Amino acid sequence: MTTDIPTPKAPAPDIVRCAYLELVVTDLQKSREFYVDLLGLVVTEETENEIYLRTFEEFIHHNLVLRQGPVPAVAALAYRVRSPEELDHAVAFYTELGCRVERRKEGFVRGIGDAVRVQDPLGFPIEYFYEVEHVERLTWRYDLQPSGALARLDHFNQVVPDVPRAAKHMVDLGFRVTEDIEDAEGTVYAAWMRRKPSVHDTAMTGGDGPRLHHVAFAAHEKHNILAICDKMGALRVSDRIERGPGRHGVSNAFYLYILDPDGHRVEIYTQDYWTGDPDNPLVTWDVHDNQRRDWWGNPVVPSWYTDASAVLDLDGDPVPLVERTDAKEMEVTVGADGFSYTRKGDVEHGFKLGEQL
Amino acid sequence: MTTDIPTPKAPAPDIVRCAYLELVVTDLQKSREFYVDLLGLVVTEETENEIYLRTFEEFIHHNLVLRQGPVPAVAALAYRVRSPEELDHAVAFYTELGCRVERRKEGFVRGIGDAVRVQDPLGFPIEYFYEVEHVERLTWRYDLQPSGALARLDHFNQVVPDVPRAAKHMVDLGFRVTEDIEDAEGTVYAAWMRRKPSVHDTAMTGGDGPRLHHVAFAAHEKHNILAICDKMGALRVSDRIERGPGRHGVSNAFYLYILDPDGHRVEIYTQDYWTGDPDNPLVTWDVHDNQRRDWWGNPVVPSWYTDASAVLDLDGDPVPLVERTDAKEMEVTVGADGFSYTRKGDVEHGFKLGEQL
Amino acid sequence: MTTDIPTPKAPAPDIVRCAYLELVVTDLQKSREFYVDLLGLVVTEETENEIYLRTFEEFIHHNLVLRQGPVPAVAALAYRVRSPEELDHAVAFYTELGCRVERRKEGFVRGIGDAVRVQDPLGFPIEYFYEVEHVERLTWRYDLQPSGALARLDHFNQVVPDVPRAAKHMVDLGFRVTEDIEDAEGTVYAAWMRRKPSVHDTAMTGGDGPRLHHVAFAAHEKHNILAICDKMGALRVSDRIERGPGRHGVSNAFYLYILDPDGHRVEIYTQDYWTGDPDNPLVTWDVHDNQRRDWWGNPVVPSWYTDASAVLDLDGDPVPLVERTDAKEMEVTVGADGFSYTRKGDVEHGFKLGEQL
Amino acid sequence: MTTDIPTPKAPAPDIVRCAYLELVVTDLQKSREFYVDLLGLVVTEETENEIYLRTFEEFIHHNLVLRQGPVPAVAALAYRVRSPEELDHAVAFYTELGCRVERRKEGFVRGIGDAVRVQDPLGFPIEYFYEVEHVERLTWRYDLQPSGALARLDHFNQVVPDVPRAAKHMVDLGFRVTEDIEDAEGTVYAAWMRRKPSVHDTAMTGGDGPRLHHVAFAAHEKHNILAICDKMGALRVSDRIERGPGRHGVSNAFYLYILDPDGHRVEIYTQDYWTGDPDNPLVTWDVHDNQRRDWWGNPVVPSWYTDASAVLDLDGDPVPLVERTDAKEMEVTVGADGFSYTRKGDVEHGFKLGEQL
């Protein structure tokens, strides 16, 4: 049994929103084809080893950094804070927790100034920053926007072995839990948590961790997401559509999961709901409710439960995994031991794919 | 080896379009909930044992008849012909083929006048009619249309053991083949054929037959189809979503397959293409092309290949099945013996669901 | 009073559909920016003086030809016929009417073979052809399709001084009238007529003629049309949006009217309805019904009533105009003498723009 | 010249978001038809004289109250605050400003507990509350949602004679200005300001005031808004569509303005952008830019500039109007003295409607 992460006495940094992801890719050109040619992200700046990308409604320098490297991994999950002073809070908060903390006045990547990176108690490389270069916001530039235009970075999704332990730490950091998946015994399989008033800035998904499950970009309408699927078919990369499109139960958003050339998972997401009221109710889903992950009851593919991206420590080395010991969502819902239901009280084994499993 | 159906010397009836389906259901009230409350079809008329339904852009009396009966089955696939005289052509055409032919001046169902029913050489109960009651076309009645409004009956899809034999007969009847699925050895797995200038009025799908694979209604936009999925989730009948939503390769239409309370399959369909030019090119798909059935490469569920509705003869008795002896699409593409590819030349076993199969 | 155009004894050519428009433009480069860069039409072929364009679901060589010339005009409205022999019918039909007829085995434009051009009794340059070069149908090429992708050529709309006279001639030519606008006195202001089973292949709009009111391309969904508006805003050419977007009363289609650099009017159009049944009912609208032209009651701008493109005779000279002597729709519905109503029985002067007029 | 409203020393109440509008209507049954039958708002509760309504993603008791009364007017613009204690801040803040302040532990309307109402320095009746009854959030209830489903209350829009004076006061109250419309001389015609991280919770529009210009509800997608237009056509109330649908320049949202039976203006709105970053840039538009109000350059109808709803003081009496003395947007952009441009540098008089004006 793991012990709880203590709550620091130092105040948490005031986080505005999830802001960018730094991703290590093994073939920068292939990744460029995926993120720029296929998904239509806009190149703010590029060097021999890095590409800085943004969506059409981002007005800071980037919300995705691709960096050439030896193995696919996540180098940083970056949050924007409310003022420059919040970086001091971040330093104090994590120092008190005994975490490794590094601060660079000139930033860790281009476009960003003073920044703090930590390896947080869950093992993830987290960055906090306020100073950032502004660039043209392409909101009104419909002449540049493709049929599958991406508007914003919406959230991260992290894999951790112990979801309640991770969620408790995130609440200490100032997040609020908006939805979760549980079973009758109290096992928590996943939890969604937010700073901005949407369903999440990040989620904690149960599994061997720390790993990144996915990064999600928001589109405006459902047809934008369908257009990405159609384009992937036309480019004959439909085998990189992993799951969806569909409607989530959790979050109520319309979604699609696709895989980049290194297997990093990207979600395209639209239309979750307002959570900004102080008494926004927590929505809890039963892990056996077959509409929790897909409102239309379409099956979650096994890879979606098992695969995720390694994360790096501040030296750039992959962080070793801790195994999940709690019950696993895939096992309790799919296959020989699992069941899920469409209507509470019904029992349906191997839902919809039954005979294949 | 079955022998070819001869080409009659009598001219074929001039068919305008597929017009309505008569369906036997075992619980009329449950079926009403599905077709009226859930799908939003409009009731033109109903009796104790029958419900006459139509879509919002149909101006004849009905395009779906539900009739209470002892076993789920299809009582008639009805086509509208260009003039009253075409019924004489239908009689002569099928009489020459040795088929049982029945003509009723007063029609076989309400709303329809003079009509001919035959059990065609493929075993299906087919109706031809011209005379029909006109009703209010609800095209402009947006006050009545739900978010998933259905506009038109689009097509039938029939299961037959020998696709080329069936297709040849349909061509004799005046249909044109628009697309098909074949393999390198020349086996034909399915063929689409049309009278109206869309991809099809009906299709022939290889399998034990005669059976009806599905009936399809057209919606205007993709979001209308997604709205039906969302509604089925809200009503907790998502287990009746069998396949999709998705984009077809064949036809290029956006689709959804759902199952009514008796297991009759209904497709909701939108946005195929114009085929009305006299030299409209036949589009042939390789059975191993994993985008032929779903452009996004999402797997076809086994039930979609195996299940279909029995059809009745003119006495109302189920027509016995003839087994398919040619290779079966499911077997050559899914599971232990099958393979399909995203990019020609690649070999991928048990595509996307691999580890589960 | 003009006399009726006689009905030829010769059979009319069997027309499949409206197929392409040849347009004379005064600055080919500017027109290319409009049709290719802005609207996204695909260039099949281009020469110094001509550009051959097509939409994404056209499989013949082109459905729009731009030709550099001294004055903006329409050189041909082209229809595809059902077989090569139909050209003989076209020659006989128009010869009997005393029209000038020209036939060229090698075609009048690239991509087309044997073709007949006539100056029809209404004064329009009409082409008939069967032989045509096939090109790649880009239906499935979602990698090439912009957010405002155009799928098909849908219809022409012609301005004529005497609508019933023109409609009668078109019926002789094999067209069926699907909708019209009339007043209580029997004046006909416009009529829609079709060969293919949509609301129209062409329409006759009352005004000084012969002129072309517009050519219309079909998109799949309403958001595709909105995307064109958004792009025109981004390119700062919103002053070329003449009318709409909106929902038509007539045809029930969603529409947008924009103006090319020479003032040729282009409609983008989606989702009219099936008219292919032999007894498809004629829909008649009252000219004073303010929802006939825009279902939402938004005002028709005056230029839409008054402006149209000159047409050329077979020598390439502009055809002189004949003045409309019947009542004019703009005058009876807008401004000092006009009125229109939202609800029959109400009288509303200068509807919605009242105080400005 | 009016004097500035002083900045109180007392801290402003911490406002979460605009939360509900209380509207006085003269025929409750007619208003019910408009808001419930036409727009599809959900009735939480109703009495003989009041109807409490909410959108599908609202989880508090209501976001619109209709109250029967003698003259059409606005009784309260209500904001939700972050905690019960913020009501004390509201009392202190407005007391210091010399405003009339009223507090009721039991609330002013059903469903709300402890609340403070003030007549603010701009003359508007403003309510602050925290305590509120929770009701079922209908987010997932797709079985109840019509094609034009409304998701959230998005914003208010207020008419004030002196926009900079009003904006300064709102900034004192903790709002941030996101966009405005100015001219080269520095006249400010309108300003948008927010608490939640969207473009606005309210806007100040220049004109004789205090009046309410409109209340806006958010839909998810553009087609939802078009569905409302289509339905208004079908119900023959298209004359209550005042302006749009269209794309705003300011806010980049897709919009529609309609009028309720009393002439209260309702906007339906979707897809503005994230403004929650602390350094979110102010976007300023030139009043002569013809795309500022409608990105597609469609004309703003005069009534949209001139008409607005009276507001009531805390005794329920209409607040007298103060005339705007600054230049008026309608006059500087439309008609004899006005001009606007599509491309900076061009001069276009009476844009698009020129000849009519």
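A, B, C and D label the chains in the order they appear, each numbered from 1.
Following the convention adopted for this analysis, a residue touches a chain if its C-beta (ideal position, glycine included) is under 8 Å from a C-beta of that chain, and two chains touch if they have at least 3 such contacts.
All values reported here derive from a predicted model rather than from experimental measurement.
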Taking mean CA positions as centres, which chain lies farthest from chain B? D
Select, from A-D and B-D, the pair of chains that is joined by more C-beta pairs in contact. A-D
If you average the CA atoms of chain C and of chain D, how far apart do the two points sit, in angstrom? 42
Go ahead and note the Å separation of the Cα centroids belonging to chain B and chain D. 50
Would you mind pulling out the distance in Å between where the CA atoms of chain A average out and where those of chain D do? 35
Two or more other chains touching the same residue: where does that happen in chain B? 140, 221-223, 230, 233, 249, 295
Would you pull the chain D residues touching chain C in the complex into a rising list? 222-223, 226, 229-230, 232-233, 236-239, 241, 245, 247, 249, 254, 290-291, 295-298, 301-302, 335, 342-343, 348, 351-353, 355-357
Within the complex, chain C is touched by chain B residues 16-17, 57, 59-60, 80, 82-83, 130, 134, 137, 139-140, 151-152, 196-197, 220-222, 249, 252, 271, 273-274, 276-281, 295
In their shared complex, at which residues does chain A touch chain C? 140-147, 149, 221, 223, 227, 230-231, 233-235
